[in-house]
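These are the structures, in structure tokens.
Look at the two complexes coming up: subunit A is in both, with subunit B in one and subunit C in the other.
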Partner chain A sequence: MDDQADVVVIGGGSTGCGVIRDLARRGLDAVLVEKGNLTHGTTGRMHGLLHSGGRYAVSDQTSARECMEENRVLRDIASHCVEETGGMFVKRPEDSEEYFQQKLEGCRACDIPAEVIDGEEARRREPYLARDVEKAIAVPDAAIDPFRLCVANAADAREHGARVETHAKVTDVLVEDGEVVGVEIEHDTGPGKRVHREPGTTEEIRARYVVNATGAWAGRIGEMAGVDVEVRPSKGVMTVMNTRQVDTVINRCRPKGDADIVVPHETACILGTTDEEVDDPEDYPEEEWEVDLMIETLSELVPALKDARTLRSFWGVRPLYEPPGTGTDDPTDITRDYFLLDHDERDGLPGLTSIVGGKLTTYRMMAESITDHVCEKLGHDAACDTADTPLPGSDDFSVLRDYMDEFGIRSPVGRRSAQRLGSRADEVLNGADPNPVVCECEGVTRAEVQDAIEGAGSDLNAVRLRTRASMGNCQGGFCTHRISAELAQEYPGPVVRDAEDELYQERWKGQRHALWGRQLSQAMLNHMLHATTMNRDGDPATTDADVDFGAFDAGTGPAGADGSEVDDATTGVTATDGGLDGDR
Partner chain B sequence: MTRHTGNDDTDTTEESNGTNGTERHEEADDGTPAQPTVPELGRDEQPAIFVPDDDEDGTTGASAGDETDPRTATDGGVESATGGSDSGDLSPDAYDPIDVFPEGDLDLRDGADSCYKCTSCDTSCPVAEVDDEFPGPKFQGPEQWRLKRKGDHDIDESITSCSNCMRCDDACPSSVPLSQMHNEARGQFVEEQMEKLSVEYIRNRILANYRTSARLASMTPRLASFAMNFGPARWAMDKLLGVPKEREFPEFATTTFREWWRDRGGAQVSNPDKRVAYFHGCYSNYNTPEVGKAMVRVYEHFGYEVLVPPQKCSGTPMFANGMLKDARRHAETNVENLVEAIGEGADVIASCTSCSMSLRQEYPELFDIHGIEDVSEHTFEALEYLRIHEDLNGALADARPEDEQAFAYHAPCHARNQGLARQAVETFREVDGVTMEDVGDSCSGISGTYGWKSEKYEKSMQIGEEMFEHMEDADGEVGMTECPTCAMQMEHGTGYEIRHPLQLLEETLVA
Partner chain C sequence: MAIDSDVLVVGGGMAGIAAAVTAAREGADVRLVSHKASTLRQASGLIDALGYVPATEPTTPLREGPPTAGRELDRDEWPDPEGPLSDPYEAIDRLPADHPYRLVGPDALRDGLALFDDLVGDAYLGDHTDRNALVPTFGGSVKPTARYPAAAASGLASDDRPALIVGFRSLTEYDARAFADRLAAAGVPFDVAGAEVEFAEAFRADAKVTRLAKALDRNEEIDGTPAREALAKAVGPHLHDVVDAEGGVDRVERVGFPAFLGDDHSAEVRADLADRLGAAVFEIPMGPPSLPGLRLEDLLYDALDAAGVRFETGTPVVDYETDDDGRIDHVLMDRKGTKVPYGAEAVVLATGGLVGKGLDSDREGVREPVLDLHVPQPADRYEWFVDDAFGEQPYARFGVRPDDRLRPLDPDGEVAYGNVRVAGGVVGGADVAREKSASGVSLATGLVAGREAAREVTQ
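Up next, the complex of A and B:
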């Protein structure tokens, strides 16, 4: 056999990253291909809840148990991605007492540590909770950073010999003699790290086995291979607040419904969510009423949300799946369990398995079971160790270090850096001068940005996911150009400009859904600053077309009346961009 | 806005007998508290506002949220003083940045919502201008707060370099509660992170508690004035405590203002319709009683009955040094006595712009003492109050001082924050024989205790440089300002005699 790899994994979300890590650690030669950045699809578009399982304790106890098990595992192996916030299911007067009891019993039945606290105690823990919250069940929910989690999984996979290709879209699944033998991919900018303006290439990767871990997109890959995968994508909106109103995950204790959770995530709170089936995971309406609903409904739990500043909103699509014949109409009724679809057994097409359903909290468990499955198929005998081996960054380490003295960074910045980097803090902060701080909102040091560039090429969105730079209240208004300046140390001007535009665009995209009040003021200030200091409202240096300076009139004035005495070209240059510096 | 400073307050609670939470709630049921009339005496030792009594009818909480001033809206002090009432109403106004963090610390993270990172605060900061190590108010305030999580106790040490001039408050176009954030962060830093046996802490504690030292010194004023400026003693203070030997301690008055007031037999005018309670502060009492006397004479000239309630330090130097517990102790006495005076129909008048600043802004922003909002609303600076209620220009139209005089006037930063930067110039510009020249909008650099620290002395003088130059350029050879420590700095930098506008008013109107 002249296969280039043992396994190709399609999809760089939590599942795909978990699978590639597991495969690599078991000694298989694996390639991960992802059409965007890691977490590009659903993983990067969730509220960051590490479930205790409490959420499913009534409706889906199998999932609930799995969540609790994996919750314990991730606190251990992914400690630098997890913040142990704790969670509560709070009951308002109009919420059913019966359901509250069911929830409590459900938690106990699923081995989820649960404690009933009265309203007063709940407000002592979270003072912004509504005054009429009657009581709550405290559970070990936590917050998890899906970006860091995926990056760490991919990094560990690489260390164990895997190849990870982002911005590599699968254009075809190779089927030969009734068997899947690989994929054809299109590199956005050539293989390896993404670098803007490098020409795209196509590549065929042949492999002994292909794993379709594309979640909501699984049907599309299935189509390429000629099999049906009936994923039912369901969209949910999430709204990001500028600050943390709560430091604990707040769930509404009622059977099901929209807008029933607030997750403290890094510097922000994320409100979620809705659940509505859509036809196309990439093309669905993002509607304002959904955002309004979040704020309106959740301020019944945390009234301060009503007046608080929102940063942006985003939508994600769940890769819900139900076995054929279940016939559920309401997506909230569809199980959150995951399914392994072996297309050999199912469709008589060997060489391909799809994994659908599931959720981030159980990503590792899903990865383990699919890796077991692949190993069995390939006759490879190796044990899984991902439940016990910390991810890079989550090794034992002490955060009690004084980064202020050691690296000359301010203590809140040092604390945030250490929280983000975990056990990699020393290595990264020693790698480059951490000062000046590049992103002030999130306290991101120069060293972190440089480290991320090293891992992500010229892709500043990937830098953002690794560092959180530009994710604070100015949404990149004050730091996009600084981050780009770091990029400029290694890459040529045009590449940097493209990367800068792309990041700024991405930041703008999410803000469009939160443009009122203070974030609108922020956007306007950003725009004015960028327009007046960097000519970003129409910099001739960034347009490909030649500027027709002759089209500018000569202006009014003693000499300009008939234009005869003024050199049009000269006037044009000065008026438009104020000099030639912009080109350098 | 709720601050529970914990156990050190409990021993004093009993003094305010009969004014516990229950009685206030009964008052709330009458629907009266919306009226800013006569608050009860005493302290609010309620737990945080979120524990409603079942029988409350929900009329009080929302009504107290003052919409006119975003700063009050942020802190909503009166609401917390009423113990929290409504429950059905889910208005976000009813929820304060109450103690989210342990030990009753304030949670000011939501203040970061107003920040657009525009950096106006940083460019207005006099310390950042001369101190490259100081990251500036934006970092100290909204950025540092936004990065905070519950349980975090690592305020950056640079907060101790903030001089609390509060110019950032004035510069911010978006009402970020900068100085409140700084005060609270500094308080948390000093409480949690500062070594209590360090020379710096001890020195700062002494500086912050100027009233204590001044009271002792005033028992033997001449000896104290001599000893405090005695060369070897100053050398030792510099070396051991970090109090710069370059500075001259102010002289202590042989008769304090309060002694004078007692000997004089108190008020000479009785007028139930025009009453003011004078908050003289420590400096007018122990060092410059002539300012206090001028206040009394000017106000009596206009027919006011002056009350001089018992009082302690306004807290300004304590805030600047993060000694929030000390400040709260003093505030309890002040609020209790001033509230009583307000109940008798008086408004509170301060002759020091930092004292009025503290009573007006910092008190309700940092403490939840009952009645503190009333004190805040009823406090004015001495000249400001006369300009509001009296025809000062009319009274000054025919008046003139004995001799022609020219002054180099410096507006203190804290006066600027209260919108009073131009009041002295405007008051005296039509007066014959008085030339009042504004020396510009720079900070004097001393900022209360900031310039009294050896490690800050040079920077303090660098900040003051612009003011010194402008004073030299001005015609007048006498300085004028409302702030006692600005006066020290002005004198220190130029050798000029420095006077208070009230003294000139007294000389022009009363003499």
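Up next, the complex of A and C:
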């Protein structure tokens, strides 16, 4: 059939994006479908740790080795997504010495470079570490931007002929004659970029093979195909601080436990996390105790966290999986390894494979193994090159120039832009003149916003993920209207207004979990700006109010007022002392 | 040695100034102290009284239990607010019973606005009528307000003259085309177009509006052309951009700019531009840093001076002492590390709300930090908010609850200190943002607090 693709990949997280890139680079005709933005599921809701493997060096050495291997690969091919922060496993007096030694030996056994440093040296590197931290193991953990990573994978896939459809929810898996032959999807606003108010459409995409890379949602796709995929979703909270109390990933060196990691990420630090099994990956409680636990427990490692400002909290679900019959009770004990479930072998349903488990750090390796698998099924002979070929933005990223002169933007802003854009900086920053700053907290200029709009349509949350605009201290209070104003060149007013409201409400969601102290003051200031000054809540342009403009003050100017209005007659009738008589 | 006055006003915003001037005019010896710069400069400079009665009950029941991660689930829903209101006074009865306006009554609002009119003279308009004006404002379409700067007067939405909204490509606060579209969507009775022009590009990247205002004040040369002429030239080609309902082209009769048309000489700048453009010129109130807010702050501090109120800024209240009758005897001010007692017969607390730091909070609760006054609140901080950002947010109504003489109440509903009055943002019970009532609440409560404080002295 003419319009049959080779492969449909379901899921636009790190795995799906990795798979579509690999498939496309190997010459297969592939389509990625994702029900939200890229990273909409778990990938966009993690703390951004690029594991050294140290975390699993005692409990799960296979995963630990894979992490270290891929850590090296990603520093190379995704350099513009990675910040080489380094990491430490720190030991407090009450933490087990025996475990510390096991961790060290485990790291060495897994080829993870590990160095023991004393408390003093640890505090020299990270001055805000608690005074009673005794010692630490330094490992090559790093921070990674999952959004940038996925966008770069998808962009490379597109360059190699793949089709990427976001906001395209799978509504059915097509099974004919006992074989999976494609999917039916529902485009929120039609194919291509998401644009508010464009009508939705449905589409059947037929393919020779389907990959289910939906992580915690894999069971739902399985259900549509009539197979069981028993993923055990487990939720975890992440709390975002307004500044970087540490510049190194700080792990607590103990067997397992909640609230044991701080990851520096761009302008912020992210505290994590909890691990609680949930029934539904989209409907579970986001609880106050989880946020409190992050702050209370992690301030044992970094005391400054106790009274520091948090910007918001968010939750993600791990796509944990274990083979049937393993029967682990505690989700923290479930392996972090990944599994390929070939539904032909497993369930007698050809044409579909699910990939479950795993973690962002090993996304490329997972993608490689599933692409190998698909190629074998399709009899397609092509080698994988994703471990050696830099992603767009990461090629030739050696020169950070002074963008102030070149693009007429302030130097710190230019530096931030160049870090985010990597080797695309020239191309993007040349795109707008003048190029004022749109988001001041994160130093995002018009050129970056416009570049993101070009890729993401009117979906400002996708623009946010690409640029970091509205992710700083003000949480959009000072910039949602500015970002949405950037849509006005291309999109009509109603689209601009819907997009603005959607972004503002999204920003509010996470702030609900940070409403005290300075962030509560910020929330009130945002409320004053958007409700008082902009009248966003009562704006007659967006409410059903039918305004009688003639009933309002038309001024005293020559062409304005009709000159007939006088004050109403009540003045002077009631008590003149401010209505206090009753109290005397 | 104690520094004594009849009335001590703590807080230098709109409410504090209204209270201080009122008490001084009643003959009291008044001192005003403030710690930080007031939030006036963050505000638009519009004087709202009451523009809406917002819904306090949702259309569907609120969720029970903690928030959920369900990104597909609908957030709570709230009915549209009642409004915009053309008459701010008649709707006061429909506000919640513990709203500050209900406590002090509509006449306090009327008197507060009259006081304001008196303090700022002809820099503000709107006092010729009881009706609200609808003023175009950035980021939205129009908003109801009771008084507006003379600079904004030609922009009123009830005026039917065709208008051009000017935006600048190097300023990001609004896009003029989207702005005009929003005005049209609101159904304004005039034809309107938006044009984005080049002008501010001549300045350093991301120049502040205060810089642009100075350039217009001084009529600095930009690439050899005086600033006002350059601005008029940039706008000139768009004076016929407006298309009326029949498709005909109108010459605009008024032109709106972001509020940066001069600082010290703003009237002159506007007149000069109007002359060059052959159209009335108006400013659109903006967010922070807000020139209309800064100008208003200057006007009010001049008025404070003229009323004979001594004031000092930069000094925080760090403690207080009560007398044998349980009244505040004096407060202690931190002056460069030394605690100095400031005694007074009556104290007006006008320290602001959450933004102005008159209310402080942590994970355990919200408190009033100066006199430790009671702030009613749900014990669980997850009940301080609702899920729709523009819903009935409990946090927005946080504050000290007073009786109808603005004496602060303790948890049992008893007067906490008989010689203290509270005014402005520190008073709870209003959602001034959704009501568009911030200045009115400050003026009405400031005026009553000032009168009350003076009465306390004479007794």
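The rule is simple: the second predicted complex is superposed on the first by the 536 of 584 C-alpha atoms of A that agree within 3 Å, B and C clash if a C-alpha of one lies under 4 Å from a C-alpha of the other, contacts with A are read in each partner's own complex, and residues count from 1 in each chain.
The criterion applied here is as follows: a residue touches a chain if its C-beta (ideal position, glycine included) is under 8 Å from a C-beta of that chain, and two chains touch if they have at least 3 such contacts.
No experiment lies behind these values; they were computed from the predicted model shown.
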| item | value |
| --- | --- |
| Subunit B versus subunit C as contact partner of A:Glu300, first or second or both or neither | first |
| Partner chain in contact with A:Tyr209 - subunit B first, subunit C second, else both or neither | neither |
| Touched subunit A residues, subunit B compared with subunit C | C |
| Partner chain in contact with A:Thr243 - subunit B first, subunit C second, else both or neither | first |
| First, second, both or neither for A:Arg536, with subunit B first and subunit C second | second |
| First, second, both or neither for A:Tyr128, with subunit B first and subunit C second | first |
| Partner chain in contact with A:Glu288 - subunit B first, subunit C second, else both or neither | second |
| Partner chain(s) touched by A:Glu120 [first = subunit B, second = subunit C, both, neither] | first |
| First (subunit B), second (subunit C), both or neither touched by A:Gly550 | second |
| Contacts of A:Gly472 with subunit B and subunit C, given as first, second, both or neither | first |
| Intersection of the subunit A residues that touch subunit B with those that touch subunit C | 307, 410, 478, 521, 525 |
| Residues of subunit A that touch subunit C when the two form their complex | 36, 235, 282-288, 292, 295, 307, 315, 317, 408-410, 434-438, 446, 478, 481-482, 484-489, 492-494, 496-497, 504-505, 508-509, 512-513, 515-517, 520-521, 523-525, 527-557, 559-560, 565-568, 570-571, 574-580, 582-583 |
| Footprint of subunit A on subunit B - complex, ascending | 48, 50-52, 84, 86-88, 90-95, 98-100, 107, 109-110, 112-118, 135, 138-139, 143-144, 146-152, 154-158, 174 |
| Residues on subunit A engaged by subunit B in the complex (per definition of touch) | 83, 120, 123, 126-132, 242-245, 247, 264, 267, 299-300, 303-309, 404, 410-413, 415-416, 440-443, 472-474, 477-478, 518, 521-522, 525 |
| Touching residues on subunit C, where the partner in the complex is subunit A | 42-44, 46, 48, 51-52, 54, 65-73, 75, 80-81, 83-84, 86-87, 89, 104-108, 110-111, 125-126, 128-134, 137-144, 153-154, 156-161, 169-175, 177-178, 181-189, 201, 205-206, 253, 280, 285-288, 353-355, 357, 360-363, 366, 380-382, 384-385, 387-390, 393, 395-396, 403-405, 432-434, 436, 438, 444, 447-448, 451-452 |
